[in-house]
Structures are given as structure tokens and as C-alpha cells.
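Both complexes shown next keep chain A, but they swap its partner, so chain B is in the first and chain C is in the second.
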Partner chain A sequence: MPLVDSVLSGNRLALARLLTQVENDTPEGRAALDAIFTQTGQAHLIGVTGAPGTGKSSLVNQLALHYRRQSGALVAIVAVDPTSPFTGGALLGDRVRMRDLAGDPGVFIRSMATRGSLGGLAHTTAALTQVFDAAGYGIILIETVGAGQAEVDIARLAHTTLVVEAPGFGDDIQAIKAGILEIADILVLNKADQPGVEITERALRGMLELAHPTRRAFQHHGRIETMDAAASTPEKLWIPPILRTVAIQGQGFEELIGAIARHREHLRQSGDWTRRERARLESEVEALIQEALTAQFRASIPDAEYAEKLEQVFDHRLSPWEAVKELLDGRAATPAAARSRRSRETSQSRRKE
Partner chain B sequence: MTERKIRVLVAKPGLDGHDRGAKVVARALRDAGMEVIYTGLRQTPEMIAEAALQEDVDAVGLSILSGAHMALVPRVFELLKANGQERVKVFLGGIIPDEDVPLLKKMGVAGIYGPGASTEIIVREVRAAIKE
Partner chain C sequence: MPLVDSVLSGNRLALARLLTQVENDTPEGRAALDAIFTQTGQAHLIGVTGAPGTGKSSLVNQLALHYRRQSGALVAIVAVDPTSPFTGGALLGDRVRMRDLAGDPGVFIRSMATRGSLGGLAHTTAALTQVFDAAGYGIILIETVGAGQAEVDIARLAHTTLVVEAPGFGDDIQAIKAGILEIADILVLNKADQPGVEITERALRGMLELAHPTRRAFQHHGRIETMDAAASTPEKLWIPPILRTVAIQGQGFEELIGAIARHREHLRQSGDWTRRERARLESEVEALIQEALTAQFRASIPDAEYAEKLEQVFDHRLSPWEAVKELLDGRAATPAAARSRRSRETSQSRRKE
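Entry: the complex of A and B
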């Protein structure tokens, strides 16, 4: 495929156009993904998530600058912003904070809209990272939409997930809720020059200690004693570090990059790198099966019949569950399905005999 | 397969710091269902062409209030062309004297909008130009 060849040989315009094909899920895009798949699996995918206004874009900007200075690896940035549920339009504004990266041909920034997806990424974000991976981008930074508590898709996609917090964003109860803090491999406390940073750090640390007790303190006959928690395999357990940064001034990034490198090392040594890859590919295959089966199923039902069932649900004559059951049964009565059912029944009855 | 979304880059080249107009237009295009990549103030033509390339946009909207349009616009065209993006439509907004309009149109600017321009018309013309 000429487009794929140009991308693999480093043509940036071809890369941009292929990203569009893949984002729009066109047949050309799908064919290209098939063609490049053998070339993927090399890049380190680093996710950056957190509430709106915590400084994700500025952090990504600094990370890219540091990676370029440190290693010279090609850096790709996929920045996701939300699509309006009312108009389908989107304002993608992450580039505003990434102007320091302009003029460096080793950095490629692509903004994308969620287009109806709710997990903090777009449906095709994973596919876009595969294109960058195949094109030789060793570091891929993925910035999610400003995430609240449940937008955790990034943890499935990225090898290393950074959760960005800033002073003044909630107390220790927020910190022990399930969801976004749980997915952190590294907690970044950005805007660390702002007041309240101590309180936020204490809340985060408290949360981490509840989740990963390394050392327990307890009162024993009025004395405070400490005891090492029964760490089964301490070297295999990754405890998310909390790192302070001031992204607009570039403070704290040597440490952050060091922590990301340590996490990568940890994943490699513990076997989690492979485990994560396998889990991610498995869920990708499952999602595609779901999509393909749904499409196949819809194609097997006449539109009129589908609309008729929906009408019955709208009129509250039929529950959604019943509608699905009837649609599925109706499909089973089509000649091909009926035939396979009949043959199954006869083979069963034969077995009985 | 999803329909092809229109992607537009809205940028402010040059040194003036008033981006209200650019934001109003960005918002109007967004409300018309387009994906708008907003890059903010003080962009060089090089930054704009690079962003247009990486984002694979269909159109670029430039807002210029500083009077430097006769220098900035040709440079943007030149760089888009050098990148192989001749098909990208360029729109211009801001303070553009009447006598410059024919010259800019001749360079290839697809639409020019001054203060008070209707966002409805901008949306319609951007959409029509991209369909061509």
C-alpha cells in the first residue's frame, strides 16, 4: 500500500492522512492497520489523565520537551478533547499549551475528539497509537479528556498511567473513592507551588497507604509501634510514587521521567508489560467481535421490523428486554439459522438414541 | 464507518493579542458540528503550517488585526504548498482594508470577514468551500 509505505519511510503528510483514515474508521484505514500491525509493540505508551484544569497539557508539553532533549526518541502526542453531545462539534484546544514543541520535526501532535465515546478516550485512540508506534515513535503520550471519576479507559491502553492532581481538588474521601486514582501508576501533584499542596499530598499519601500498606503503625499498650506489612513479594509490587511538578516552569521533570523509566523497568521485569499487552489486545478483539456481531445482527433484521419493535417499546407495550428477545428469536427463525438449529437438534436426538 | 468530520484550524498569527474574534468563530464552527483545532495567540506561519499538517485539516482560519496580513498570508500559503497541502482552504478574519481584499482573494483566500460578519455566513461558506 503506497500510503503505508510512505508512513513507514517517515513521510509526515502521509502519516497525518493515515491518522485521519484510521480516525474515521474507513476501509483504507482498517486495511492499513492490518498491514502495519506486525510493526507495532515497540513504543512506550504513557497516559496522562486527571480533572480539567490540573495541567495535563502543560505537563505533556514538558514531558515531550524533556524526552526530546534526553533521548532524541521520536515523540507522538495524542490529545483527546470532548465532542459536544448536542452538535457533534468539538473544540480541540490542547495545542495552546504545547507551543514550545513547534518547530521540532521529532514531535508529532494530533488532537482528536471523543466522538461519543465516554471513557475519556475516543474509540479510535488505540488505533492511532498503533500508527504512531509503527511509524517509529518510541514515546507516545496520550492525554485524555479532563476526567472525573470513571474515565479509566486510559489504564487499559497505556503502559504507564500518570494521574495528575492539583492542590485544592477534594479531600481524603475523594481520594479513597474507586476510579481514577486507582489506575495511577504515578501520581503527579502539579501546580506544586500553589497553597494547599501539603494537604493534597497528605490525602493522596493516605489513600495510597490504605491501598498498599507497607508499614503499619498501631498502638500497643499506649505505645506506638510499627511493623512491616507482610509484603509477599516486595520487589514485584509497584507502589505509585507521588511526585510534585510545576509544569509551566518545568520543575520536577527529571524526577518524573526517572519514575516513568523505573515503572517501565518494573513492568518488564515483573512480566506485567506482557500481561498488560495481552489484556489490551484481548479486550480489543472482544470489542471488535461485539461490533461485528452487532452489525451482522442489525443487517439480518429488516429495518421495518426493527422500527416496529422500537415503536412497541416507545409505547410501553413491550419491555426493552422482551423486544431484544423477540428480535433475537425472529432472527433465529431465518432459514440459515433454523437449518443449523434443526441439524443441532437432530444430532442431539441421534445422540440420545 | 463514521462520516468524515470537517476539521478546521483556527489560528492567530502575528503579534496582536486580541483573540475574541477568533474564539467567536471557533465556537460557531464547533456549534456547526465541525472539529476545531484552536492554537491560540502569536503563532508564526511556520507553526500554523505545521499544525495544519499534523492535524490534517480541511481549512485554516486566520485572524489578523495587526495589519500584517499582506506579509503573513502569502507566507502561510507558501508553507502549506511546500508541505503538499495546496487543497487546504484558507479563510481570513480581522481588520482587512477594502483595497487589500482583491489581492488576498487572488492569492487564494477563500473568504474574508471583517467586524460584524455573520457567523452563519462564515459557517455556510466554510462548508461550501470544503465540499468543492
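Entry: the complex of A and C
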């Protein structure tokens, strides 16, 4: 496949085109994903999430700059912005980034402005990271706005998840973030030069203690001690450290990159790296099976029959589950008798579970 | 079914038991849902969402109290709390509610503390509302914490969605709520006796104008004018009004209940009521089909074969999509030859789309 070959040999224009194919889920995109799959599995996927106003985008830019300077690794940024179409968040973010990172051919930025369905967001993001991974990007930063389920799904995708906070968020706001804290491998307290940083850090420590009771034993004042404590615990146990940064001045990034590297090492040694990869691939397989089966099923039922069953449900004559059972049985009234039998048996055993 | 009969005849204990069966997705629960389905479709489902600190729970309680006083309708409250297990949000909310609503047999409160998967949350909530609907609860209040995708899914379930705000949230916080504003049928500015209410209302109006450009034409200072303007627009057009309340003092609730009634009337006249019901039932049918097909498929593949294909994916020898194709073809190597043929055809045509 010429497009894939160009991508694997480092052609940026080909990479941009392939990313578009993959994002649009075209047949070419799917075929390319098959073709590149053997080349994937090398990159470190780093999720960065946080509410607007925490300086998350500047932090991602600084991380990219520091990775480029320190290791020379190719860095990809996938910015996922599930805010509404009219805010144009993704495009705005791009313009700011252009200024910081323009001209470095070792950085590739891709924004996804999700329009409508959030359901397939994690799936599409996963596919894009596979393309970057195959194209030799060793560091892939996945940026999401902190707004719920999307973050949790993307945290499952990333090897290391950074949750970004900033001073000055009130207690009410902290409460809503409790769920997000649980996905944090590293907590970043950005804008650490602003007033209120101590209060916010104390609040975060309190919430971390609730989320990770064992953390209490390692509690000290100051981030370095906490990191050391974490490093000295058994391999299996990772205590999320809290690191302070000032992204617009580039402060705190050597420590942050060090903590990310330690987390990768922890994942490798504990076996969590492999476990996360496997869980991710397994759910990808499951999603594709579901999609294929549903498409086959719909193709096997005449549209009129499907519509009529739906009408009966709309009229409250048939419950949704009854309609589904009748549709499954109806499909079985084909030459494939064995299938009919099994279909009914499965359907019955299902009810007995 | 004796349990269903007891529920339909108004037995609260039976109702509580059936809700548990349905929440746990037991065979009894499923059978009961089938049995009661013909009795559903009467209730007005009202979603109430907003961040912690907006006084959303008090607002829901006051709504229940006012509905009980005004109409005598049975009122159900389904509180969905997708915060983390360790916050115990759902239980806390229950205790507060007990105080306000205890002793009224016409109010039934049910909390769902979601542990883990948010995926099936909207589905389970929908099932619970069907039970209340069949049991004669004419008003069903569905309360969710404003945290992203869960709200959007539940807004699809509700006929009328209230988004609750409160004075004193900063601009940063407003930005994150842009997505949630789009699902609002009615905006409630609670804690309207607190400082900053004018600023917050102005910010909300600005965001509404972005979300609903036509709103600008009807803009006046003050909520009553806006409501009148909305009422005089064509049936098809609903402009979300902004209403002020002080939930702990019970202020503003007659206006709010009036606005909810007007929204219901708008839905009925515009045909949106029927359209929303149909869309909801159709996606329920689709979800059940997917679930049944996946269960059948997994039953048709030996576990060892499935595990082996997964191993090949884990080792990056086979892409997820290639593995799925081989599993689908493998399943076809059964007596059901016709099925094999169709399976491959569908699988190929899928790639050509």
C-alpha cells in the first residue's frame, strides 16, 4: 500500500492523509490499520486531562518541547475536544500551539473536534495513536478536556494519565473531580506560582488519601519526598505523586518527565504495561465484533419487517425485548436451520442466567 | 406474575423489590419489564442536571413537593450519581431527602450509585423509569450530577431537561458547561438570592445566544418577557427560558412548574414528544439486539479458539479487525452453510462501503 509505505518512511503529508482516512473510518483507513498493526506497540501513550483554565494545553506544549530537547523522540499530540461545535475549541488550541511548536518536524499535532457521538471517541483516538505509533512516534500525548466519561475511556487507552489542576478552584469544583482523580497516575498542579497553591495541594492530598488509602503512610510535605516514598514502595504499588509546574515559564518539567519515566518503569516491572495493552486490544476486538454482527444482522432482516416490529414497540403492543426475540427468531426462518435452533437456545439460556 | 400485579396495584414494597430486580438486570426483572411495557408511556420524564454546589438536590425535592401539592400526581425521583464509590454521594443525598419528603406515600425516591461502568447507566435508568411509569407515577424526576456524557445520554431519555446553575461560578467553569447547555430545555438559576446572580445570568444568556442564535431576537431583560417571547414563537421553536429559584426557600417553583408544563405542551404540539419516545425505544431495541447477538456469537465460538485469536492480536501478529474477520469466518464452518456465505458477503461489502 503506497500510502502506508510513505507513512512508515516518515512522510508527513502521507501521515496527515492517513490520519484523515482513519478518523473518517474509510475502507482505506481500515486496510491501512491492518497493514501497520504489526509495527505498533512501541509508543508511550500519555493522557493529559483537566478542566479548562488549568493551563492543560500549555502544559502539553511544554511537555512536547522538553521531550524533543531531552531525547529527540518523535512526539505526537492528539487533542480531543469534546466541547460543542460552536465553541471551536479544537481550532483555537491549534493556533496557540502553532506558535510554540511550529517548525519542528519532530512534532505532529492532530486535533479531533468530536461532532455528536462521543461513543466512538475512544475508538477513533486509539486508531489515530496506532498510526502515530507505527510511524515511529515514541511519545504520544493525548489531551482531553476534563468532562467525564470521555476521560475515563481515554485513560484506559493511555499508559500514563496526568490529571492537571490549578490553584483557585473552589471546593464545589473539587467534588466533581473526585472521579477524575481516580484515573490519575500523576497529578500536576499547574500555575503553581499563583496564590492558593498550598490550599489546592492540600485539598488534592486529602482527596488522594480517600482514593488511595495507602498513600497516607507516605505523606510528607513537599513533592519530592512523596515521589521518593512512591519509588521505594513495592513494584505493584504506585502512589500518584503531586508535581508542581508553571507551564508558561517551563518550570517543573524535568521533574514531571522524570515522574512519567518512573511510571513507565513501574508499569513494565509490575506487568501492568502488558495487562493494559491486552485489555485495550481485547475491548477493541469486542467492539469490532459487535459492529460486524449488528451489520450482518440488519442485512439479514428485511427493512419492512424491522420497521414493523419497531412500530409495534412504539405502539406499546410489544416490549423492546419481545421485539428483539421475535426479530432473532424471524431471522432464523432461513435455510440455516441449525442456526435457528442455536439462536433460540441461546436466547432462552440468556433469560435463565 | 404476582410481583408485577402487586406493583401495578400500588404496593410500595413490591415496587422497591421490582426496582432492585430491574437494576440488577435479573431474569425476573427482564420478564417484569416485558409484562409492564404495555402500561408505560404516560409519565413525564424530567431530567435535572447540574454541578455539585448548584443546589440541584434541594431543587429536585422542592419540585417534588410542589408537584404533590399542586396536582396530587405520584412523583418518583431517580437520583443517578456517577461519582466515585468512595464519595458515597448517593447515600448522602438520600439522607437529606428523607427529611424533606419522608412520610408522603405519593413520593418514591430511588438512588443509583453507579459502580464502574457508566455504559449501561442510561439503559438501567430507562428501565427504572418504565417501572415507575407503569406503577402510575406521572412525574419522574431524574437527577444527575453534571459530569459529561452521562448527562447527554440521560437528556435523550428525559422529555424535559433542566440544567441548574448557581451564581459565583467563574468563567473557566462556564466554558466546560457549554456542552451541557445545549441539552437544556429550561435553565434554572438557583440560589438566586446570592450575590453575582446578575453576572451569572448575563453569562448564561450569552452562551444561550451562541447555542440558539434565534434567541437573540427575543432578548429582554428579565425572565418573564423571555418566557412570553418563547410562548409566542411558532410551535416548532423552543427557546430555553432562564428561570430564577431559591430552592431552600421554595421560591420560583410555580413559574418553574409552569415552564415545564409549557415545554410538555410544546413537545406534544410539535410532535417532538412522539419523536423522542420513538428514538428512545429504537435505541433500546438496538442495544438489546447488540447484546443478544454478541452473547450468541460468543456461545458459538470455543473459548480456546477465541483466546488463541486474542493471543495473536496481543503478539501483534494479527490486527484486531483481521482477528474479527477470522473469528466470523471460523464460526461459519458449521453445518449452517448458508450463514457462512452470507457472513462472508456481508463482511466483504462492509469493507467496500
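One rule holds in what follows: the second predicted complex is superposed on the first by the 275 of 353 C-alpha atoms of A that agree within 3 Å, B and C clash if a C-alpha of one lies under 4 Å from a C-alpha of the other, contacts with A are read in each partner's own complex, and residues count from 1 in each chain.
Keep in mind that, in the parts below, a residue touches a chain if its C-beta (ideal position, glycine included) is under 8 Å from a C-beta of that chain, and two chains touch if they have at least 3 such contacts.
Since the model is a prediction, treat every value here as computed from it, not as a measurement.
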>> Contact-wise, after the overlay, does A:295 reach chain B, chain C, both or neither (first, second, both, neither)?
In response: second
>> Of the two partners chain B and chain C, which one touches more residues belonging to chain A?
In response: C
> Can A:110 be said to touch chain B (first), chain C (second), both, or neither?
Replying inline: first
>> I'd like to know which partner A:328 touches here: chain B for first, chain C for second, both or neither.
In response: second
> So, A:27: does it touch chain B (first), chain C (second), both, or neither?
Replying inline: both
>> Looking at A:17 after the superposition, I want to know if it touches chain B, chain C, both of them or none. Which is it: first, second, both, neither?
In response: first
> Both chain B and chain C touch chain A; at which residues?
Replying inline: 27, 83-84, 87
> Tell me, which parts of chain B touch chain A in their complex?
Replying inline: 1-5, 7, 26-27, 29-40, 43-44, 46-47, 50-51, 53-56, 83-85
>> Give the list of chain A residues in touch with chain B in this complex.
In response: 12-13, 16-17, 19-20, 24-27, 83-84, 87-93, 95-96, 99, 102-103, 108-111, 113, 115
>> Quick check on the complex: what are the chain C residues that touch chain A?
In response: 27, 30-31, 33-34, 37-38, 40-41, 51-53, 82-84, 86-87, 118, 145-152, 170-173, 175-176, 178-179, 181-182, 210-211, 277-278, 281-282, 284-286, 288-290, 292-297, 299-300, 309-310, 313-314, 316-324, 327-328, 334-339, 342-343, 346-347, 349-353
